[in-house]
Amino acid sequence: MSIEWYLVLAALLFAIGAGGILVRRNPVVILLCLELMLSAGALAILSFSRMLGDGDGQVFVLIVLVVAACEVVVGLGLVVAMFRRRIPLDVDETTELRG
Amino acid sequence: MIPALPIADTNFVDATWILILKSLVIFVVILSVVPVVLLAERKLLGRFQNRYGPNRVGPYGSLQPLADVGKLLSKQGFRPTGAVPGLYEVAPALTILAAVLTLAILPFGDVQGGVGLYGIDVPIGILYFFAFGALAFYGLLLGGWASGSKYSFLGAMRSAAQLISYEMAMGLSLLGVVLMAGSLSLVEIVKAQGEIWFIVPQIVGFLIFMVAGFAETNRAPFDLPEADAELVAGYSTEYGGMRFGSYFFAEYMEILIISGIASTMFLGGWMGPGPSWLDPIWMLAKMLAITFIFIWIRATLPRFRYDQLMSFGWKVLIPLATLNVLVTAVLVVVW
Amino acid sequence: MTTASWAWLVLLFPLLGSMVIAFGFRRLPDRTAGIIGSTAIGLAFIAGIGTLLGLLSEPSESRHVASSLWEYAGVGDLRVDLGIFVDPLAVFMVLVVTGVSFLIHVYSTAYMESDQGYSRFFSYLNFFVFSMLLLVLAGNFVLLIIGWAFVGFASYALISFWYRRTTATAAGMKAFVINVVGDIGLVLAAILIFRELGVLDYEAVFDAAPKVFSTDQWTVVAICLLLLVGAFAKSAQLPFHTWLADAMEGPTPVSSLIHAATMVTAGVYLVARTWPLFELAPAAANVAAIVGVVTLLVAGTIALVVTDLKRIIAYSTMSQIGYMFLAVGIGAYSAGMFHLMTHAFFKALLFMAAGSIIAVMANDQNIDRMRGLGKALPFTAAMLVIGSLALSGFPFTSGWFSKDEILDFALYRGGWYTILAIAGYVGAFMTALYAFRIVFRILPGRPCPEAEELIETGHVAHGEAVNPANGQPEDYEVGYPGKEHHIAEQSPGMRFGMLPLGVLALIAGFLQVPGVTEVVTKFLEPTFEGSSLAAIHPPVSKAWLGLLNGGVIAVVGIAFAWVFWVRRPAIPGSLRQKFHPLYELFVHKWYFDELIHAVIVRPVLAFGDFCNRVVEPFVVGGIVTGTTSLVRSAGALVRDLQSGMIRAYASLMVVGAIAVVLFLLLRGG
Amino acid sequence: MVEIAFFAGAAGAIGGALAVVLLKNPFYSVLALVVHLVFLAGIFLLLRAQFLAAAQIVVYAGAVMVIYVFVAAYVGGIEEPAFDAHPRLRIFGPIVAAALFIEISIAVAGSALVGIGTEGPQDIPDDFGTPAAVGRMLLDDFLIAFEAASILLLLAAVAAIVLAGRRGSQTQEGT
């Protein structure tokens, strides 16, 4: 399988994730879509790492994994905090960032 | 003939037909060991509690497991109204699948006569074990959730929290061995124990691993997910027939796997006196010996309270395991 | 166990001790911290002996071991290992540091007994020993700098140990700031070395230096001068010396360990360690020697007139380190290191004795008030006399052999070094004078009230303690000075700490009898292999002649002291009248503090004031308000885009990403 | 063989991803993501990143997704119709996503990278992608990144505790 296939797959997964963020309103699902995008990015990096025969990319993906874990923890913490304070779990309702 | 998969570096690969044969043999052996363990548990529990244990079916009750299986098989399969179709059926299968897949890396001997006495030998050995351990968790959780019952759900949540908490300690306890062996491959780790079994230098790791192992398999004294006094039967409350049988079966398989990993990592795996064809026997013997400890503990210790379980895992086991890793690392570097 | 493993153990024990005490200090019962601390250092000393034996079992040409735990950081061409370098010089320092530290730890367990911060004290002290050993054993300049900075911090923490004393905290800050100036010098030197040579490991640097630099090339001179800035700051040499006297605000064991025996000698060690660089830069080496001599003269004159017991000893420390700098500056490395060792013995001893005396005086350190302590404190007095004899270089004491060896060297080099040697002899005379000024003023005579109380009742005075510097009452909560006072006569621990040092101060000199033993020179030889200067050795006859000179000067100095302060106590007063301006100069420490204040502090303050009044309101303020108003008006323009809808933002981001990729596609093709 | 493995993995991964976006119940979405991740780990294996494949399952499926399951179960299955989003985004979202996909594909296919049409060099070292190799790089060349990541993790843990922690008196804070 040429590397191209992997990259196209990564692009597709990334696009699905991005689309998901735009169409869904539940913050949990939005976080899931972010995971999708992150793992698509990881796939792309791994493909390039394989293409170059250089293992550095794998370390990068490992770091991405850590970052993703951090993002999840904080994101889900927010979700739980929202739920506790009876804020509806709908990102369209939380518009406090309005200028 | 299909060449070995390019997907993973395996340290040693057999021809495909041997692989298939091997997997069948391992599966069948473990499949037939499980009822033995089951029977042994009931008999031993009986002895521990000063009663006979099963003694009606067959001589000394030896056919009891067969009878049980027969009973479970012949029961009507049903689904509670509140249950989620699909997931409810898949969950037990998932559990047993994860357990069976883990069997692949347990080594029962070195390469003998051109055949490795193990499923596969991967450089990521221990990680493989943890990866499928992680998947086994979904079997329990989905089962509990999909049953649509409060007891099931609470049991599933408990087991989820418990599994995550103790998986950390378990991983850390094995790190000491990995540091000393310098490899993650189970075969390499066994070979590294030629001079001394790791249970001697890594006694702390072994004890932590065993404690975490009890928790991971939901065995007494950590059997909170199925604490019958509180939760009826935890995540398996709503299950009956062979679906319940699968959960039951998987649990015992998990015990055997933990025993297998413990013997491999700490007790020198297949190593033992005698000719090399005895290797698998030694391995099985060690596994069964540890399984006996599982049963013994179950008959001896009372159940933890839930907060005790959590604080024990996080505040005692994990720091202790971390310390063990640190000390081992320093010693490995210094020597 | 290999030599390197022993050396790692030397580092491990103090660190472990420090951490155990630091993390467990709330749970450690009562006085365990002292036991843990002392044991840790004792074990480090034993490991040091192990290192020594390991090294001695090697043939002399391979007596150096470099060992690395792991590569700590690699950035570009820079590779820094967590590595140590063990050779005779390092082992010599390790033994001196751990040995003296061990005795002082034992002394402290008794001395600090009633202090509230007992555990904290030992944690700091162990950390200090660890840092010092790190500095000594470091295998490259980066680790050296780390050890260097740790030592600076430990010194700061210990000087300000009694943190409710305003004077102590101020002294700690002063020491820290001046030390940081030195650190900067060291860091700049390391950067320059890396730029020129591309390596930072000692061995690599010393191999490469002669190939890259020619003698007295400006780069190597600059490197050495920067190294000297670090060395001078840490070793309290002119003009970075002002912190040392103030550092006496710390507990007396600290003065004894850090500000006399070990830390302040780090500068000397640094120069000896980097001798290959200094031999390539004779100009810088001469600077070291000259500054050393000037410091020893200046410090000697100040020590003659100040009346604070600990400060007299502190100034004498500066002066003795001046000798060491003279030694390493002129290439008499082993003589300098030997003086470092004997100085560690007798100076630690002097401070310990001072601690005992100060305890009797209820923390009054003014020697004008002390009288007749000889009868009250026989043991302490004996130790004080031994220390003073060694300090003034009385024949056959350790100081005689070590100090006069340095001066022999300087004389033998001839040329203008003779001037340095003569100045050194003048300094030696002053040393004898002020050393026995202490002895003759406080030991004989009619006992002062505190001494009398001790003789009659066996009690130590526990007066209401007042900070002599500013008259504030002391705060017992953070220890100072402890509810009870402890003197050597009554506490075995303190005696145990002092006695070995007393014996060593007397006899250690016999290690290095010219032409007979010369143990230190032979031991250190492998380190200074290939040095052209170390080979210039005065012949035995000349060495003995020099020793004779030194002995005579010491005896004469002591005799003068006897005349001044016992026989004719009126003379010092009349001299003071006659040379009043000179006395004022000395007693104000040559106005160095004032000079620094005028040259550095005042301009900086003035600049700060200028910034405050002119730059801040107009320049900075103008920029800030301008920026804010700009942002505010720009914000007003785009406010409507801020719908607060997360998904609207997300879609804008995606669209933006698409646009960027599209642009790149269209442009790049 | 490799092709079969790749397409099976890709089908599973894409299916999982689509299910994440399309399923109404967040709980199912989480499960779908687990399926997606497991298949993706298989594809990682094809790229000879064994350690990351295992790490992906252990860390993601084993730990991260468990937290998701917890939260999804905790906040309850709030079903929302998949496509009654903001009326404009309902159409706009998929279009933008498709545009993104097409664009990246063109960028990848049209790039001048030589190796892109190959399977990657065949003479990679034996320990490519093994824990040993990754670990060595992590502690040698990428130590600072590693330490930064661990600090980030610590910060995230603290942040999560602060965010989700129960306040002592549960006072109603203005929202």
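Letters A, B, C and D name the chains as they come in the text, with residue numbers starting at 1 for each one.
Throughout what follows, a contact is a pair of C-beta atoms (placed from the backbone, for glycine too) under 8 Å apart; a residue touches a chain by one contact, two chains touch by 3 or more.
Computed from a predicted model, the values in this text were never measured in an experiment.
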Pair with more cross-chain C-beta pairs in contact, given A-D and C-D: A-D
Gap in Å, rounded to a whole number, between the CA centres of chain B and chain A: 33
Chain A-chain D separation of Cα centroids, rounded to whole Å: 6
Whole-Å gap between the CA centroids of chain C and chain D: 56
Centroid distance [mean C-alpha coordinates] between chain C and chain B, Å: 61
Chain C residues counted as touching two or more neighbouring chains: 70, 645, 647, 651, 654
Where chain D touches two or more other chains at once, by residue number: 2, 46, 48, 51, 55, 63, 85-86, 89, 92-93, 96-97, 100, 104, 129, 141
Sequence positions of chain B contacting 2 or more other chains: none
Pairwise chain contacts, counting only pairs that touch as defined: A-C, A-D, B-C, B-D, C-D
Touching residues on chain B, where the partner in the complex is chain D: 2-3, 5-9, 87, 122-124, 127-128, 130-131, 133-135, 137-138, 141-142, 145, 153, 157, 160-161, 164, 167, 184
Of chain A, residues touching chain D in the complex: 1-9, 11-20, 22-26, 28-29, 31-33, 35-36, 39, 42-43, 46-47, 49-53, 55-56, 58-59, 61-63, 65-74, 76-81, 83-85, 87, 89-90, 92
Chain C contact footprint on chain A (complex, rising order): 18, 21-22, 25, 30, 91-92, 94-99
Parts of chain C lying in touch with chain D, wherever the complex brings them together: 70-74, 645, 647, 651, 654-655, 657-658, 661-662, 664-665, 669
Chain B-touching residues of chain C, taken from the complex the two chains share: 5, 8, 69-70
